[in-house]
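A quick write-up on the structure given underneath.
Order of writing sets the chain letters: A, B, C and D. Residues in each chain are counted from 1.
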Amino acid sequence: MIRFIDVTKVYANGVVGLAGANLHVGKGEFAFIVGESGSGKSTLLKLITREETPNTGEVQVNGYNVHAMGRWEVPLLRRSLGMVFQDFRLLPNRTAYENVAFAMQMVESLPREIRRQVPLALGLVGLGKKARSYPSQLSGGEQQRVVLARALVNNPAVLIADEPTGNLDPKTSWEIMNLLDEVNQRGTTVLVATHEKNIVDAMKKRVISLERGTIISDAEKGRYEHED
Amino acid sequence: MIRFIDVTKVYANGVVGLAGANLHVGKGEFAFIVGESGSGKSTLLKLITREETPNTGEVQVNGYNVHAMGRWEVPLLRRSLGMVFQDFRLLPNRTAYENVAFAMQMVESLPREIRRQVPLALGLVGLGKKARSYPSQLSGGEQQRVVLARALVNNPAVLIADEPTGNLDPKTSWEIMNLLDEVNQRGTTVLVATHEKNIVDAMKKRVISLERGTIISDAEKGRYEHED
Amino acid sequence: MKIRTMRLLSREGVSNVVKNKLMSLASIGTVVIALLLLGLVLLVAINVKSNMDQMRKELEVLVFLNIDINDLDREAIKAYIREREAAGEVASWKYESKEDAYRNLQASFSDPALLKGMTSDQMAESFSIRLANPEDGAHFIEPLSQMPGIQPEPDGINYPQQTLERITGFADILNTVTLALMGIMLVISVFIISNTIRLTVFARRKEIEIMRHVGALDSFIRMPFFVEGIVIGILSAAAAFLLTWRGYGWTHDTLNLMLADLGFGMFILVPFEPVGMRIVLLYFIIGMAIGGIGSLISVRKHLNV
Amino acid sequence: MKIRTMRLLSREGVSNVVKNKLMSLASIGTVVIALLLLGLVLLVAINVKSNMDQMRKELEVLVFLNIDINDLDREAIKAYIREREAAGEVASWKYESKEDAYRNLQASFSDPALLKGMTSDQMAESFSIRLANPEDGAHFIEPLSQMPGIQPEPDGINYPQQTLERITGFADILNTVTLALMGIMLVISVFIISNTIRLTVFARRKEIEIMRHVGALDSFIRMPFFVEGIVIGILSAAAAFLLTWRGYGWTHDTLNLMLADLGFGMFILVPFEPVGMRIVLLYFIIGMAIGGIGSLISVRKHLNV
């Protein structure tokens, strides 16, 4: 599903985001990406969604070289990905409902489908009651969950989540992680960058550890702190 | 130092942010504010910094009624507060260094002082090397730490931090919390809204718990989950 | 793009006009001003041209006959003029007898004593001829000047060639100046408007980013902005037209009165109706073009980022 | 505010002009256009007025004497005119004898035969007088009309009161129209510019929010925007002046040539230098006022949020 071949990303100012990464995440897998602040987790995820392009190496999604895609193919790539990013990115002049519906409208779903799926998705993340609130009227954690609902609503083949529980209390965080697990059970490939040590340790999933841009460990049923 | 007297905040759309809160945080205290997503933590902090005003009741900082202040007094209030918020809020066209220096320039510090203090503050949060990076060139956690450095650089009487470790790995989170503790030791009153159960439990500080806008417990040396 | 998506995005564009009141008003205001500038230039040009055409039409060829001309020669000249009239070259003509000429001269002197000793016999008969096309003067005069019975040069045939050339020259200048001004105004308009649109798009760049983020095709992103631009163009054109119509009507009435008062009655502003349709068309076409194309160009810059 | 903070914030404002190239260019562009519109109206008005003043100055009072006037009466009239000249009411005057009049009449007829039988004895002597202030015509004519030796009404004293009234009336209209146009242009300018500034401030509202967040005084927040506005005003004024100077110079040269070619030599565009200084001043004052005040107003809206 997702493959990194010798991928290096050096930012314009010379900072190394990712160094010679090799990685394969198969269809239907669930993997955590962990590492200190600034270790390159977001960089890795942005290379998949083509918000950044690698300096050397190749990133493949579904067998396609993401870097080699034409501009017009990028939206099609994104449609197969559900994305949750650190800076929440909701449309400020639309309600939570409209924000989620928007993602479905962009892939030209039927209005009937939209009316059915959106409340479902908002309910899943525990925001059924906040459907009519605008982003500015939501707490940090609530905004984050709207973004997650938006990422899930199109049943994407891959879900990319960058610290989806960064602003959530432990209880809600667990609910969200269980939700992601459930989504994964239904066949979606899930990639989550996170700092939730407790959850990572408890869930016994694949864990990819980064340190200063390098993958220093990649363990099935791994733990937050890797054992060398 | 900070006193809430029967404070109620109902947002324009009818959502209750805070309901009949009574609270006193003395000079030099350190308190955690915990609670589920949407329980009113940010609302409470915004009432102190006067980003929101209460519907009923009175919020006092240093004996002054925050609500009754004139518009021109608000900047003076803010100068005595160091603030870290969930949405990072850095000036996009200034480097990390310039963002921190800006806070000092606004209180008209001497250039000499600025040149001395800013690198110190950035060093404290572990970003000595990223001084020349622009916000867009920083990872989520790094941006958050720049905001913290900015909040600390003026040696504020009160430090208000809303999930200052939301995007940080456990190790960095611990470092930041220890830093806040140190700042507190030097006399600054510290108020931190957080979801870091492990840290709250380990640090044995005062813990104020919120649930749906109500303060449901307030314990010296408390734990993240309150015992009734 | 499916019809329903198109409808959705178009509705989005229309509602954006209402939602972003500040920016919409800013854009409409600038487009209106741009259109008004265009309209102003156009109306001034139309009026000057109409007045000058009138002046040209009133130019006359004067033919003075010998004082002792015989009837045959006179009739030959008359026949020539009639023939040309039949050919459509002469719009109208008039014959002035010796007596007419004397009476006119008398009327032009305030003191009849000054004409003491003069008789109508000393006056010359004349024809005054208005040509259908004043530019064809030479063509008409050429055969005439060969005919007997006409006074010798330089007094025989008087055609205000110089006046005609002045008017024609002035009209040429006016045309050039009008075109140049219209060009400048158009450039200014496009400049102001593209500025405004660029700023509104800039202020909404986050929105565009988010649309790309959820996988919107570029055409989806462009659509609402395009519709917004068109709507703004239409509203601006309507407003500009209303202002022009009212403003011109008022100017027309007031200025024509004033000109008449001051004795410049020969100059009049043309009424609005005949040119109104042209201006409506111009406003709507330019308004929509500027709005639509302007927003497409502005959005493109942000799509490439 | 301490000097060093002021310097810091001013430098900030200046560097913002450079950093926000898009917005600065947009603002400068619109201010330049606004100023050019003002300048255009002003220059047209100045030119029309100067030409009309010239025309007024050339108006003459014509006094025709009786054909059989005696020397005493003539000298009395001359004395009256001289006296008024000494009082500064008469700018210049000229006496035309019978012989002069005859010669002039002769020259005006192409065929000397037409004057057969007329002698200079039949002509009237005349004075032509240019008044220092054409409006004072009545005051000057009143005593004159009582003097003996002047031809009876209506031919005796000829003063183009009607022409004067036309010119004066036209000048009045022009003044009103100019003022109105200047007003409209100013409103349009302020509108365009406040739009632009409002949009730029809107696009930077996050920045203002952050400044407030770190405890900046309102005056601190305003300062850079204010300086930015002033700088934009100055740059715009400079650009507008350059364009006006060059543009007017070119128009002046070309149009004066054309007018002369077409025989309208009496109309000329005034040279730029004497009015240039006024325009520079106007541009800089209005540019800076619009820029400075505009940004203060726009920022205030966001400070209140």
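The rule is simple: a residue touches a chain if its C-beta (ideal position, glycine included) is under 8 Å from a C-beta of that chain, and two chains touch if they have at least 3 such contacts.
Keep in mind the model is a prediction, meaning the values are calculated, not measured.
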{"item": "Contact-graph distance - origin chain A, target chain D", "value": "2"}
{"item": "Chain separated most widely from chain A, comparing mean CA positions", "value": "D"}
{"item": "Intercentroid distance (Cα basis), chain C paired with chain A, Å", "value": "64"}
{"item": "Chain centre separation in whole Å, for chain D relative to chain C (CA means)", "value": "26"}
{"item": "Chain B residues counted as touching two or more neighbouring chains", "value": "none"}
{"item": "Sequence positions of chain D contacting 2 or more other chains", "value": "none"}
{"item": "Chain contact graph, described as a line, ring, star, complete graph or other shape", "value": "ring"}
{"item": "Those chain pairs that satisfy the touch definition", "value": "A-B, A-C, B-D, C-D"}
{"item": "Partner chain A, residues of chain B touching it in the complex", "value": "11, 13, 15, 34-39, 41-42, 86-87, 133, 137, 139-142, 145, 162-163, 166-173, 195, 197-198, 224"}
{"item": "Touching residues (chain side chain D, partner chain C) in the complex", "value": "22-23, 25-26, 29-30, 33, 110-111, 113-114, 116-118, 122, 154-155, 162, 165-166, 169-170, 173, 188, 191-192, 195-196, 198-200, 202-203, 258, 261-264"}
{"item": "Chain B - residues contacting chain D, complex", "value": "71-72, 74-79, 81, 83, 85, 89-93, 102-103, 105-108, 111, 150"}
{"item": "Residue numbers on chain C that touch chain A, as the complex places them", "value": "1-2, 4-5, 8, 19, 206-207, 209-218, 220"}
